[in-house]
Structures are given as C-alpha cells and as structure tokens.
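Listed next: structures, encoded as structure tokens.
The two complexes that follow have subunit A in common; it is paired with subunit B in the first and with subunit C in the second.
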Partner chain A sequence: MTYAIVVAVTAILMASVVVSLNLTAGYAGQPNLAQSAFFGLGAYFAAVLSVQHGLSFWAVLPVSALVSGLAGAVLGAISLRLREDFFAITTVGLNFVVVALFKSIDFFGGATGIYGLPLPTLGGTSFTNDHFLVLSALLLGLVVLVSKVVRDSWYGGMLMAIREDELVASSLGAPVALFKASAFALSSLLAGVVGAVYAFFISSITPETFGFNQSVLLLSMLIIGGMGTIRGAIVGAVLLTLIPEMFRFASDYRSLVYGVFLVLVLRFQPQGLVGEDSWLARGAARLLRRSRSAPAAVTEVSA
Partner chain B sequence: MSTEGKVTPLVEVRGIGVRFGGLQALDDVSFDVRPGEFVSVIGPNGAGKSTLFNVISGVQRPTSGSVLIDGRPIRRYRPDLVHARGVGRTFQVARPVGSLTVRDNVLLGAGGRRLHGVLSSLRPRGRDKTLQHRVDDLLELAGLTAVAHRPAAEISPGDLRRMEIARALGDEPRLVLLDEPAAGVGSDGLTPLAELLGRISDRGVAVLLVEHYVGLALSLSDRAVVLNRGRLLALGEPDEIRANQAVIDAYLGTKRSRGTVVVPPATGTEEER
Partner chain C sequence: METTVDGLVIGSLYALVALGPCLVYGLLRVLDIANAAALTLGGYLVLVLAERSGSPLLGVLVGMAAGAVLGWVVQRWIYLPILDRGPIVTLVTGIGLYIVATELFRLLFGPSQRSAHVDLPLPDLHLGSVRLEGIDLLVLLVTFGVIGITWYVLTRTRSGVLWQAVAQDRHVAGAVGVNSPRVIAAVFAVGYALSALAGALLSVKYDAVYPTLGDIPAYKMLAIIILGGLGSPLGTIVAALLIGLVESWVVASFGFALPRDAIAFVALILMLLIRPQGLIPSRVVKV
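Showing the complex of A and B:
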C-alpha cells in the first residue's frame, strides 16, 4: 500500500512538472530540454534552506518558486536570440551547467547531495504519505488551472501563434519577447514549486536526479502523451512513471524500453497518445457526440 | 496631383532607403496615405514592394528616412508597436496559425488591444462579447462563415487570403497593408476578393495594396505608387499611372484592351523581406 502511494505521489508530481513544461514546449513551441534543471533548482533551494537553515516547508516554497522563476526568465531571454534548434542545444548545455553547479558549490552540498529533509508539518502533525498524496494532487490541480487560464486567454492564443509564426504574432500586436520570457518564467516557477515538494517527499536529493536525462524523460512524457495538451502531459507523465515500475525486472533495459516506446509513438501517433486528433482523442470525441443529441459547437482546435 | 491635400496623412513615408549589403532595395521613396484612402503599390518583381511593406509595418528598420504615423515618426521598428498605432497587415505568402480555427485566427487578430501587458492578456479570449460580435461580423464580411470552425491549415487558398485580411482588420486598424492578396487564389477567387477589398474601403479603412493584378489594383485605387528597382517611378491617380510613359516603358507594356492595362500576373514570388 505504501509502495502504491509512493508511486502515485511520484506520478502526480511528474505530471505536474510535465504540465508546466507544456506551457513553453507545448503552447509556445520552445524545445525546452532544461525543465529538470528548474525542477532541481526548486528542490535544491528547498533542501538547503530547510536542512541547513532550518526554514519550514511552507517558508521555502515561495523561495523555490522565485528562484526557479527567475532562472526561467533568464532562459526565456536567451530564447529570444536563438533559433529553435540552437535554443534546444542551449537548454541542454544549461541543464549540464546547473547540475555541475549543484555538484561543485558547497552551498548545494556537493556531489553527495543533501540528506535528511524534515517532514513538513501542518497544524503540529507531521506529513505522512497520505498528506503528500493530497498535497501533490492539489499541486497538480493548481498547475492544471494555471495552464487552462493560459490556454484560454489572449496570452495563450498568442503563445500558440508565436509557436507557429513569430512574425504573425507580433504583427497581430503580441510583444513576442515579453510573452516568451514570461512563459518561461511561469513554467519554471511552477516546476520549482513541484521540485520543492518532491525534495521533501523523497527527503534526500542528489545532483544527478535533475540531470539532462531527466529533462529528456520529461519532454518524452509530453511528446508521448500529446504535446500542447494538458491531458497529454498528464497521461504521458503517469504512463512513463508507471511503466518502469511495472517492468522493474527489466530495469537494466529501462532506457531501451523508453526509446522503443517513443519511436513507436512518434511513428504511429505523432500527435501523442491522447494529443489533438489522436486515435483516442477522436474516439472520445465521437463517443461524446453520440451521447449528446445536439452537437456541441467546437470553437477551438487546440485544447 | 501629389501630396498637397490639407488632410493630415495617416501614414507618411519620407525618403525611405533600405540597403541589404550591396543591394539598394529601396532608395529615397516618399509618399503618403490619407485616412480612408486606397493606394496601390505596383511594380515588377524585385522593385522593393515587400521591403516597403516590411518597413511600414515595423519589421524592417530603414537605413535612411522615416515613417510617420499621424505625424509622429516610428522610433522603434517593432511590428507589435506599429500594430498598436492602428496598422494591420497581411503577408505575401499566407501565414495562418494553422492549428487554430479560422475563427480563432480572426479572434487573435481582434485581441491586439488586450495584449498590453501579460496580466491584462490573461483574460479569457472566448468571453469578450463585443469582440465575438466583431469577429462574426468580419467572418461574414470576408465570406468565411461557412468555414469558420475549420482549422486554418485546411481551407482553400482563396479563403486563406480573405482570412488573413479579416484577421488584419480584427483590431480596428485605420490602415491595412495587403501584400498580394490575389496571389494563388485562382480565377474564381478573384471576385470575392475584389468585393472584400471594396467593402473594406467602404468602411473607411485606408488600404495600401501590393498587387500583381494591376488591372484589379488600379480599378480599386484612389492613387497608385509605382516602384521600379527600389525607386519611386510614379505617383498619382490610376488614369495618370496608366498614361504615364515611364510606367508603360518600365512595367506596364503597351498592350491595352478595353481601356485596361493587360499585364500577365507574375508567377514567381518576390523576396519576402
């Protein structure tokens, strides 16, 4: 039972990070391979401030949010200067730099990481795994809510326009630089908060947890689930968290399993398993239409 | 007739020059567009028409000269800032936001004023009643009501061109720059397009039109600007342009039928910027 809850919390937290990643990679179309670094910055600041400076869980949350958000704004500013492919490479480099900083700076505890984060307390009681389950579910709810507000707003519409054609977006009045940078800031801010919760949940963190491999995994989750959709981000994250748990006996071949899965999805379902116009999404839409007598007016293609 | 009108020009182009390395794309071009006026920009491929549009819409900073909107010069050449001053545009090669519906494309065009600042732009774009009506009106104006809910990537070239025009009109601009709206629409797309251009003009929106279908352009225009190799060759009313010997020599040719200059539309695409 405990094991199931631990897997569930992990899956929900991963889903939260991938939904936040969808803001930049999905809506704004920026190939972001550094999300794990922002997640890590949130986790690390939470760990350092609580273990070494005795701050409470609730006090470190806003700090983690702020630090990751600022770092994201910097990356957003970089993205304005680079074409997509060069930007992707830059994010890879950035992720390595952040991990190197975690390893080499004493403040971050060096290569061994930081151990013994205290359990968060609420009203005098220490958190159990059940508490973490509720908290992570609330967090996922928050990230989903923010994403929905963005998706349905003028801002989100313009991010999608930026994804396809920056010149069109700016000709329609969008301040492209401001919108891109703020999307990165928002996405990393959310990832930072999730990182802080994650650090407290697993109670010890090491630099490699937030490495480039993890960023690739996060982006794979989004691609497999369905880039540009909230449900895709959630489905992808949950699937790729559960599959390795179910195939633990094959843990040596974990990367191979991911790779094969990713290739299969991209070959046969490039929109992602539940992405826009995927088999499942179309099937669900058909069922929904059949269940209602009057066809609903569809105003948007991109959900 | 030149620029002696008493009305303050909406847009004034003053001695614009643009140099790309060794190529002088535009050289000392000056003219103006008055409120509600329909002005065509014609000239052969490579004359600098698209470059001119890119300068006026804030995409391209000129090497010399300036562009004034309502008498005030553009200082920072950024498309969103020019847009905010009431200038919309379309592109030579249609550029839809393909994953959005036709309606959402036009809606995005209508939201320009909601974009000043991240926070105000976070309001839901589907709930603004005034804008919804405006979008419906524009879709009808452009004859797009039937395809409103189709993804923009899937509609016909003619519909796509009119969608871009409707999108450019979304934020109530006072001037729209239309870059070859007839390119690729086919012969049966020309009539609805010409009707739309006429209706825009009737609504009091000034139009600056680049078009290879010179007959179409001149028939709609109050005045025309003729460019050749980056320089202003002629400026005047359609009849003056048709009769201008320099224009005929450089561009129009001498064939005439029923009073209309017959020029085969160019099929090649000009440089985009």
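Showing the complex of A and C:
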C-alpha cells in the first residue's frame, strides 16, 4: 500500500507544520496567514541546494532551518509595528510576494519549479517511504516536544499573556518585541525543517504549492482542530488531509466539501473540534469525571 | 496616456469592490473576503440573463439584487453569530465561504471561461489623441456616480450618521436607540450589490467570466482597504485608484518585472512600514 503510506507521511508532515503554526497563531495569538511561505522557503532552499549544488539532505536541513527562521524573525519584527488586522493582511500579502519571488528569480528555478530531488541516504542506503514515515514521525515528536516545553514554560505563559492583552503584558514589563519576534523565528524555523523534509519526500516542487491557499489550509487545520492546543493542531491537520482523500471518488466535489466543512465548523464550533471547551473536549472531560466518580458539583459552578 | 486611462478604469473597478468591505470593516471589524463572491455572481448573472433575455441591464439589476440578498444572508447567518470569536475566525470563515461560492459557480457554470457576448450600443469617445472605449466610459461614469452618492449619503444624510454611530461603537449606538442590526444588514446588502455591479462591468469589459473571477479582487481589495486606512471610505477610493494607476504604469514601463498582482501587496507592505495608519486614516473607525 504505497498510496496509504504516502497519505500517512503527508498527514504527519502537515501536522508538524500546524503544530509549529500554533506557536504564533495559537499561543501568541498572532493572525499568521503566511506559514506556507516559511514552509516553502525551507522546501525551496533544500531543493535548490541539493539539485543545483549537490548538497546532501542532512547538509541542507540546517540551512533550511536557518533561512526560514531568519525570515520568520523579520516577520516577527514587522508584527511589532502593526495591529491585528493590518498584520493579518500583511501576512496574506507575504504569500503573494514570496510566490512571485519563487517564480521570477532564477535562483529558485522559475515558474516550473524544481524537479528530481535525490532521495536522502542514511549510512549508504537510500530512503524508502518507510524511512520517511519514521523520519516524519520523529519530526512531529520533536515539534510537539518543543511546543510542550514552550507551553509549560514561563516563556509560553508570556506569549499567552501577549495574546490576551498586549498592552497589559507590556505595561507589566514584558519585552513584547523580543517575545513576538522569537516566537515567529522558532515557529518558522520548525516549519522550514518540515518544508525541507517535505520537498525531499515529494521530490519536485512548484511555486504554487506554497501559495496563499496552502497558508489558508494550514490555518484552517489549526482552527478546525482547536487553536492554541497541540491536540487540536494534530487532529485538524490529519482530518483535513484525510477528508479530501476519502472524497477522491467524488473528486469534483472535494473542494466544495472542504469549504462547507470549514464554514460549518467555524460557524457552529469556532473553538475547534477538540479545542478548549469544544463539545468533544467537554464530553471527554465529563466521561473522565464520571469514571472517577468524583463529585461534579464544584466544576458545575464555574460553567 | 492610454495607460493612465486604463489604470483609472481598473482602479475605479477596485474602488467599487472595496467600498463595501471598507464600510463593513468600519461596522464589525471583519475583513470580509466573501464579498468577492458577489462579484463573480454579478458577472455570471449578467452573462446568463443577457443571453436569455437580450437585456444586459436586466442582468445587472438582477445581479445586484441577488448580491444584496447574499450579503444579507452572509451577515445574518454567518458573521453575526461568530463575531465575538475574534478576527482570525471571521477572516477564515469568509475565505471558506468564498471557496464554497467558487466551487458552486464551477459546478453550475462549468470550469472554463465563458464569453459574455454583450455588445453595448456605446459610442467610443475621442479626446484629442486618446480614444476612450464605450465600456471604459461607462465604468468611469458608474463608479464616480456611486462614489458621489456614497459620499453624499455618508456625510449628508441620517443613514450616514447611523453608519458613523455604529462604526464608532456598536453597543453604545444600540444603547442610545440606533437599530445596529438593521444598519449592519443594510451595509452588507449595499456592499454586495456594488460588488455584483463591479463584476458585471468587469465581465462585460473583458468579455469573460470564470469561477475564480473574484480571486484577485478579493485579496487585492483587502490590500486596498488597508492601504487607504481601515474603515476610511475616502482613503479606500484614493488607494484603489492609486493601485490601478501604479499597476498599469509599472506593467507598461517594466513589462514583466513583477507579476501585476504582487504589486498591490509590495506597495502595501512598504506603506505599512512607513505609515502604519494608512493613507487617509479614518476619524470615525478607531483601529
């Protein structure tokens, strides 16, 4: 079943990007519609350096991480000057600018993209899909670990404070600039690494793969799953990767299904399917409580 | 000179599309991408009805009416219930709605480009060496007519005062007896009707309608309402005309240097770094 394993690897890689997006969009509350630009920068630098300059997979990984991380830091610096909505549209625009650069600069291979990335090798053996499955699972584990560390740390707490009220956070002495810029750098760095792995996995990339629609898809995954939660990021990414595959038999209606699903979830469950205080999360919490047969009276009050 | 005229015509179409979302932003602080669905709707209805009835005018009017209904439905059933969920949720919901609309158009009317075949009995205008095509003249007249009416309504009538009141503070306006939901519904209806009108003009001008007709205007209009200073109608119109002109000039003088559609966003990003409040910041809408 090569097809199933390809879908699985794609889903895991998407989940990794969405978990990284959660750092800025979820924890720090920044409307980031440019994550696929950083994902794409990582993919493009990996592709260019390996196809045109003969660097190995392992050598390009840190380069992709560095380039995307730096670009993210720049966006973070921009976010300091702009309030929410202005910043949201700036990130929308960034997608169009980055795709335009991919298309018009010769270094990036122009509108046709880059083909024929070599398979990575490990100890002399070329990667198979199984290797990619293990690698992407490890990568997801790494991104989740980083996110958990951030979330439970003083640093993550400050990011969430900025999300709740930037003015209060800064008046309490938080260096908001440093926190925002570093969150973007970290989130983009991780996305860049995933992009590099993705480029080697699908072995050919085109500019449009990393355009605005992909950024929307990534943010949709996060919102549908549940913004600000790692489980939400993973559930959303897996769902939105699998649903189009399940509707392959009705390929003409796939985008329609995606759009309708997106609107319905946002309209009726805007906190995400498994986000904080969603139906599923509340139901699961109730089940847990019942199985422990603890008195529920205390929690009822807070609702 | 021809380039300048072309830029003005394009710019005024942008203005027509961006005016609705600009007023909506003022009221709800929602960046409404779904508005561009009305543009495509207007384009298709003028085509279908011109074919069936022979009257493009009927198509335009029906398109505007359908746009108004769409706008009403979108605000009532989609946006208002999720308003307090924050800007990311409403923005992405709007994008989702737009995707649904595009897909429905594709399934209903087919994926390929359709020609409008609308011949308007309009004379070309010759001003010295410049030839102005009939449709361009019509676009300019309609847009500036709409802009004039909008300016009059916003500054000289009770409806305009109501818009300003709700834009300043929806809840306070409601508390002093302004029927905020009705103001919001009206602004959505008018904004979507204007987009449908722009779509009709666009499809007649370029003699083409396709399901993704609204794509580029959707994202460009966001850039334009921000360039103009969010929620500032005058700024939006100036920004729309400027973007139209700059695009035409850049394409005419450098040819291919940057894809035309990236120009608006490059301008936007530069502009925001120099003057984050926009060209002409709104005195009513505080961001």
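Note that in this section the second predicted complex is superposed on the first by the 289 of 303 C-alpha atoms of A that agree within 3 Å, B and C clash if a C-alpha of one lies under 4 Å from a C-alpha of the other, contacts with A are read in each partner's own complex, and residues count from 1 in each chain.
Just so it is clear, a contact is a pair of C-beta atoms (placed from the backbone, for glycine too) under 8 Å apart; a residue touches a chain by one contact, two chains touch by 3 or more.
Note that the coordinates shown come from a computational prediction; the quantities given were computed from them, not determined experimentally.
Peer 1: Please indicate which partner A:Val150 is in contact with in the superposed arrangement: first for subunit B, second for subunit C, both, or neither.
Peer 2: The answer is first: A:Val150 touches subunit B but not subunit C.
Peer 1: Classify the contacts of A:Ser220 with the two partner chains as first (subunit B alone), second (subunit C alone), both, or neither.
Peer 2: Touch partner of A:Ser220: subunit C, not subunit B.
Peer 1: One more residue to check, A:Met158. First (subunit B), second (subunit C), both or neither?
Peer 2: Only subunit B; A:Met158 stays clear of subunit C.
Peer 1: Of the partners subunit B and subunit C, which touch A:Leu178 in the superposed model: first, second, both, neither?
Peer 2: The first partner, subunit B, only.
Peer 1: After the superposition on A, what does A:Glu276 contact: first (subunit B), second (subunit C), both or neither?
Peer 2: It touches subunit B, and subunit C stays clear.
Peer 1: Quick one: is A:Leu167 in contact with subunit B, with subunit C, with both, or with neither? Answer first, second, both or neither.
Peer 2: In the superposed model, A:Leu167 contacts subunit B only, not subunit C.
Peer 1: Would you check which partner chain A:Tyr258 touches, where first means subunit B only, second means subunit C only, and both and neither mean what they say?
Peer 2: second
Peer 1: Just checking: does A:Ala88 make contact with subunit B only, subunit C only, both, or neither of them? Give me first, second, both or neither.
Peer 2: A:Ala88 contacts subunit C only, not subunit B.
Peer 1: Does any part of subunit A touch subunit B in one structure and subunit C in the other, and if so which residues?
Peer 2: Shared contact residues on subunit A: none.
Peer 1: Please give the residue numbers of subunit B that touch subunit A in the complex, ascending.
Peer 2: Residue positions touching the partner: 57, 59, 78-80, 83-84, 88-89, 91, 95, 97-101, 103-104, 107-109, 111-115, 118, 121-126, 149, 151, 167, 170-171.
Peer 1: Show me the residue ranges of subunit A that touch subunit C in the complex, using the header's touch definition.
Peer 2: Those in contact with subunit C are residues 25, 31, 33, 78, 81-86, 88-90, 92-94, 96-97, 99-100, 103-104, 212, 216, 219-220, 223, 227, 252-253, 255-256, 258-260, 262-263, 266-267, 270-271.
Peer 1: Help me check something: in the complex, which residues belonging to subunit C touch subunit A?
Peer 2: Checking each residue of subunit C against subunit A gives 25, 29, 31, 77-78, 81-82, 85, 87-89, 91-93, 95-97, 99-100, 102-104, 107, 219, 222-223, 226, 230, 256-259, 261-262, 264-266, 268-269, 272-273, 276, 287.
Peer 1: Help me check something: in the complex, which residues belonging to subunit A touch subunit B?
Peer 2: Against subunit B, the touching part of subunit A is residues 149-150, 152-158, 160-161, 164-165, 167-168, 170-176, 178-179, 182, 228, 276, 297-302.
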